Each structure stands twice: as structure tokens, then as C-alpha cells.
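You will see chain A twice below: alongside chain B first, and alongside chain C after that.
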Partner chain A sequence: MAHIHLEDGSFTLFWVIVWWLCALVLIGSALFLLRIKKTKDVKKITMAAFVTAASFAIFQVQIPIFGGVHLNLTPLIGILAGPVFGTLIVFIVNIMSAAIGHGGWGLIGANVLVNFSEVIVAYLSYRGLKKVTSSLFFRAGIATFVGLICGNIVMIAIILISGIQGITQSTLQILTGLSLLAAVNMGVAVIEAFITGLIVAYIGKVRPDILEGTVS
Partner chain B sequence: MPTTTFSEHIPDLDLITWYAENNKSVFAFMSPWTKFAILTLLVVLVTVLHSIILLISIYVAVICIYLIAGLPAKKLILWYTLPILFVFSLIGILVWGEPGFPLISLKIFGLTAILTDKGVLIAISLLIKALTMVTFSLFILMTTRYSYLATVIERIFPAPLDQIFLLSYRFLFLTISMTAAMLKAVCSRGGGVIYSIRMQGKIFAEVFALVFIRSFDRAERVHKAMIARGYKGHFSMNNEVPAPSQYGMISIVIFSIIVIAILIASQLKWGLNIL
Partner chain C sequence: MTLFKDKKGIIIFGVIVVIIVIVALTAYSMTGPMGIEERFNHALGLPINQEDHGNNWFGFSIEGNTLLYGIILAVLIVASFVSYKYLKI
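The block that comes next holds the complex of A and B.
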């Protein structure tokens, strides 16, 4: 896991509502963008559905490294589907995850914001790095790592702003604790970046058209 | 009973769907709207409640409902692994240093970390909240038929979100079985053995990349087949979802009143020691 799925009961009702509203604004904006572009392209919808299913299926696989790691591949969603469809995909993946207990229902809003930051940053980094290097492995790997760093920063920011119910420590104490957690997450992020780099390089070799914006 | 499982601690979607389609308990005939209304109220309830006794009571009630529905208890315990990991990876760090009666004291890099009774109570409280929601979510999934779930999704979400959701839910089983087949092929050729992180990472990356590539291939084929059958971007569900029954409505109203009362009491700090 390169980020934490927050569970129900972690935040107060006020912050649950606030983060849900923020996520709904994001999702509403994505839907609005699709509608003004008149993107009722059936193929893109079908592709986005397959990306959703593939990323959720891959999340179910445990990689036997460091005792078992599960990958979310949210940055890869950003690279393959772009930020608009990516927002909708992470929302659906979070609902599916909440349904099987990986993240709370009330915390879907906060989790969507964390995932969205990973999607958008990975997408922009991947596109931006095109001028720096032509290696798909490095572009995707760096974009994933940067995306996951941002995801961790957003997660820490959300927790610091909302606070955890029952925890009475100062912001500095919470920040110290979360930094330790972020350090562990970054270790997993390196694995995810390495694997995403290999995935994108492999896709680029076998089906380069997929990387040329089939969905986005 | 069909199962496609990659690891024992992740809920098996094939098994969940089998229970959803074959469950004959009273809950299988309950309106999905009633279940989702109770789920929403339960989320609010576990968010505002702090009393360990009340939380344990709710958890026991949810477990009883799960068992009465004839759902697998052993599997549930295995499926608790990741939610427990999520709770402790976050709370396990933050509970140290909470004020209260010290239970454990550790010295790490010259710093003293103290675990108090209040810290333990916070961890237990959040764990019970998480497990209550996991159990109830799985109960809903395992007692609600696909056709009902799909209709609810279509009615709740705007297009194209509902279309992506419905299609991905259908594709999910296809993708999971495809992933399982590829992993089986890798393992049968000795790919499951750990040579090195680089080698292991490469093997899994190729499997995952193939999942995406084959998903895209299938998406293109499915897209063409759907277009040929008249699909124009709207995947409509023609199933009728039963409305909440009289008892269902009464349950929702009573539960809503309880949740609102607890919400008001917690806001006005009434009965703080109980809630």
C-alpha cells in the first residue's frame, strides 16, 4: 500500500461531510468537463471501465516482496486514463474498496482526494518528463513516485486538518507520527514506482497505442 | 461454490457473488434501499459514537445479522486482515503518547514512547468501528443480487459514471479470472519463487501489464459487440428493485430517530459519559 485507506470513525462527522463535498465537487467537475466536451464516446467509457476493473483486480494480487505488498496503481490510472476519467475511476475503485472493507464509506471523500492527487500529479509528471527522457520506464517510474509522494502529503494534510477522533496530541506530535508512516509508505512507493515503470515499458513495447491517449 | 482468490485475506468476489445469488435468508428478500439506508445511518452512528460498550453492542448486533444470514464466519475473520492493518498502520503510531495511565514504555533512539490506557481504548474503538462497517458492507454484498445492485447504481449515479461503474463491475469477474489464469501460468513455470526483488518485480509487472493489455483488447472487442447490439452509451437496467417494505420503513424511521438523538446529544454534550 503506498497510501493508507482511512477507515470509518477516523474523522468527525463534520470533516467526513467536508471531504465528501470536496470530492463531489471534483467528480462533478470531471462530469461537467466530459459533458461540455460532449464526450459521449462509448469506446472511451468501455476502456475506462476496463481500466477500473483491471486496477481493482491487480489490487487483489499480493506480491511476495517484504512479506506481501498490494499495489493500488493509482498513478498508472492517471497515466493511462488521464485526470478526467481518472477521477471517475478512483471514485469507483474507492466505492468498490469500501464495499469489501478497504477504506470506510464515510472516508471515500478523503480517500478520493488522496487518490486524485496521485492521478493528476502522475499524469502531469509523465507528460512533462517526455521532454527530459524518452525512456518509458523512467518516465512512468518517476511520475509514479512523485505522484505517491503527493498522495502521502495530501493524506498527511487531510489528517492534520481533520484530526483523528480521540487523539489529543498536538499537531507537531501527530506530524511526527505521520512522518514515520509516510517514510514506510515511501518504501512501498519505490516498489510501486519500479513495477509501474516496468508495466508502462512493457505496454509501450507491445501496445504503444494504449499509451498514446486511448482513454484520455 | 466458485472461488477465485489470490490471497486468503482479500474478499473473494466470486464467492461473494455466489452468496448474493444463492442466499435464501430473510435478508435476501429485504429491499436493497432499506439496506443502503441502514448502511448510511450506521456510518453516521459509528462516526459520532465514542462509547466502547455501545460500539461493541452494535458490532455484536451486526455479527449476529451476518451469521443469521448464513454467511461464512471463517472467511470473515480472514477478510478482516487488511482493515485491521489499515487501522493499526495509522493508529498504531498515533496512540503512543496519549495522556492516561501508562501501560507500556519503550525507548527508541533515545526517545521514550508511552502507551497509555486511553491510547489502547482509542485503538480498540477505531478497530471496532472499522470491523462493524466491514461486516455490514460484506453482509449487504452477500445478500443483494447483482440485478438489484446494478439497478441501484444506475439510479444513484449520473451518466457516464453509472455506465463506467456498471461495465467495470461486469468486467471485474472477467479480469479477475484472467489475472488468476496468468498468475497460475507464471507459478507453474516457477515464477512464484523469489529470486530477487528485481526479478520478482519484473515477473509481476509483466503479468499486470498483460492484464491491462488484454483488458484493452477485450474492451475493444466488447465495445464492437455492444455497438453491434445497439449500445449508444446507455446501459439501462430493466429490473424492478423492491421498495422498502412496511417493516423496512419502520426500521429506517426508528434507526434514524436513534441516530439523530445520538447526534444531537453528542453535539450538546448530553450524557457524554455514555456516548
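The block that comes next holds the complex of A and C.
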């Protein structure tokens, strides 16, 4: 859900390269972890394909709430595919989104970092919440909120660190503006939490073995 | 004990929902109705371009090129079903 909706040229070339390098390190680490794994989890590959398609499909749809927002199901990716596959999934979704004109190519690195934070925090929260509640719906719902809040914080941090070319606003003004934007974004997190909760609860009912194998 | 754990889940979830809805509505009332890109440009002090989303179904619209969206989505769906058929789940 958190996504830096800016055109190419908003960040300086230096910061575009920095965020791309950070993202490439993450992607390289994910590929390395998959490569050293002795047994290939082929079922997880299928799950990764499904969540990639679902995330891409829903990410491009602007929903007429609060003037226009969209979901991206990154917490669901974290819960169902785990952080290793999740890193690759968010990279693929961001590449394909840029390919159709949704988001700049230069911002893919930064957006992968934002989405990765949502994936890993939702994954860890979902697993950690097992001690708090046995309900899959509430575990997934709360993990979604935590993941998306974290994603918004990372998004704001990246913009503040990078700075935006061609604007005259102070850091405080940018922080205020982005905080309001994140607050409106979080309104949609309620919908995303319900969707994620319902999907996870349904899978837990019909195929609990899929959720038991979410460790990667 | 299990009942208490379940109640804990609904309480935490409910409290988060209420807080987020209040915060989101307050922020929305301060900023007004805007598309996501307009909202971004407004937050950063960039010139605001009116968003044009072409095809619009009951307020829902596709960001970017709709044809490419359809093609890529079709490829992803086919890939998902191929992996489901050969790798199972």
C-alpha cells in the first residue's frame, strides 16, 4: 500500500543509485538463500506465483475511497510466501508496475525497500502474534496494520533522506505533508487488513498445511 | 484460556481499526479529496497535475496503460496455473 508515487527525476541520480543498490543487495540475498537451500519447496513457488498475480492485479486498481487509493497486498505476500520469496515478488510487481506506467523506473529500488519492510514486518508480526491470539483472521489483520504502518514510515524516511529535486519546502513541511498522506493511506489499511484476514482465515480452514509451511 | 486469547485478538484489532479510522478521517478532512498522485505532489509542494485515468468503472480505474495491464495480468494468470498444474500446492 505504501508506494512512492513520484515520477523519474524526483530523486537525484545519486539517491536513485543508492536505493537501487540497497534493493539489489536484498534481492541478491534472497536468491542466495534460495540457492543454498538443499530441498526446493516447489509448493511455495506456486504460492509465490499466485500472490504475485494477485498483488499486481490489485495494485494497479485505484479505489474511489478518500479521493483515490490502492491496495497492494504486501502483508499477505509476507504471510503466505515468507520474506525470501516476498522480496522477489515485490521486485517483480514493482518492475511490472513501472512497465505499464505506474511509478518511475528510477524509484523501483526505493519502492522495493518500502514494500520489503511491509513484507518482513507483517511476516514477523503474524508469527509473533501466535502467542496473543489463536484466530488466524485477527493475527493476519493485526500483522497487516503493523506491516503497513512500518511501510509508511520507511516511505517517509526514504523521501526525507533523499530529498526531492525542484521543491522549496522545508523538511518539516515535507514531513507534515507526508504524515497526512500516510494517515489517509492508513485508512485503506483497514480494508487491506480485512481482505488479508479473510484470505488467511479461509486458507487456514481449507488448507491449513499451506500456512504451517510459511517458514522460509 | 483459548477464549481469552480470542478476545485479546478482537480487542487489539478493534482498537487499531477505531484509531486508524479516526486518524484517517481527520487527515482526509484536512487535505480534501485527491487522487494518490495529486496527494503526493500536494504533500511535497510539486505542481499538481489532474490525474487522467481513462476508463473508469464506478470510480474504479486502472493506473498506467490498461492494455499492458491486461496482457501482463493474463501472462501472470497463465504462469500461476502452469505452476499449479506441474508443481501443485
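Criterion: the second predicted complex is superposed on the first by the 185 of 216 C-alpha atoms of A that agree within 3 Å, B and C clash if a C-alpha of one lies under 4 Å from a C-alpha of the other, contacts with A are read in each partner's own complex, and residues count from 1 in each chain.
Please note the rule applied: a contact is a pair of C-beta atoms (placed from the backbone, for glycine too) under 8 Å apart; a residue touches a chain by one contact, two chains touch by 3 or more.
Remember, predicted model here, so these are calculated numbers, not experimental data.
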So, A:I203: does it touch chain B (first), chain C (second), both, or neither? first
With both complexes superposed on chain A, which partner does A:L113 reach: first (chain B), second (chain C), both or neither? neither
When the two structures are overlaid on chain A, which partner does A:L178 contact: first (chain B), second (chain C), both, or neither? both
Under the stated touch criterion, which partner chain does A:I164 make contact with: chain B (first), chain C (second), both, or neither? both
Which partner chains sit in contact with A:S135 here, chain B, chain C, both or neither? Use first/second/both/neither. second
Is A:A143 touching anything from chain B or chain C once the two structures are fitted on A? First, second, both or neither. neither
Which of the two partners, first being chain B and second being chain C, lies in contact with A:L31: first, second, both, or neither? first
With both complexes superposed on chain A, which partner does A:A23 reach: first (chain B), second (chain C), both or neither? neither
In the overlay, answer first, second, both or neither for which of chain B and chain C A:A189 touches. second
Please identify the positions on chain A that touch both chain B and chain C, taking each partner from its own complex. 4-6, 10, 42-43, 45-47, 49-50, 52-53, 56-57, 60-64, 68, 70, 96, 99-102, 159, 164, 166-169, 173-174, 177-178, 180-181, 184, 207, 210
Touching residues (chain side chain C, partner chain A) in the complex: 2, 5-6, 8-10, 12-13, 16-17, 20-21, 23-28, 30-40, 42-46, 51, 53, 58-65, 68-69, 72-73, 76-77, 79-80, 83-84, 87-89
Touching chain B in the complex, chain A uses residues 1, 4-13, 16, 27, 31, 34, 40, 42-43, 45-54, 56-58, 60-65, 68, 70-71, 73, 76, 80, 85, 88-89, 91-92, 95-96, 98-106, 159, 164-169, 173-174, 177-178, 180-181, 184, 191, 194-200, 202-203, 206-207, 210, 214
List the residues on chain B that touch chain A in their complex, please. 6-7, 10-11, 13, 16, 39-40, 43-44, 46-48, 50, 79-80, 82-83, 86-87, 89-91, 93-99, 118, 121-122, 125-126, 129-130, 132-134, 137-138, 140-141, 158, 160-161, 163-172, 174-176, 178-179, 183, 192, 194, 197, 200-202, 204-213, 215-216, 218-220, 222-223, 226-227, 231-233, 263
Residue ranges of chain A in contact with chain C within the complex: 4-6, 10, 42-43, 45-47, 49-50, 52-53, 56-57, 60-64, 66-70, 96-97, 99-102, 129, 132-135, 137-139, 141-142, 145, 159, 164, 166-169, 173-174, 177-178, 180-181, 183-190, 193, 207, 210
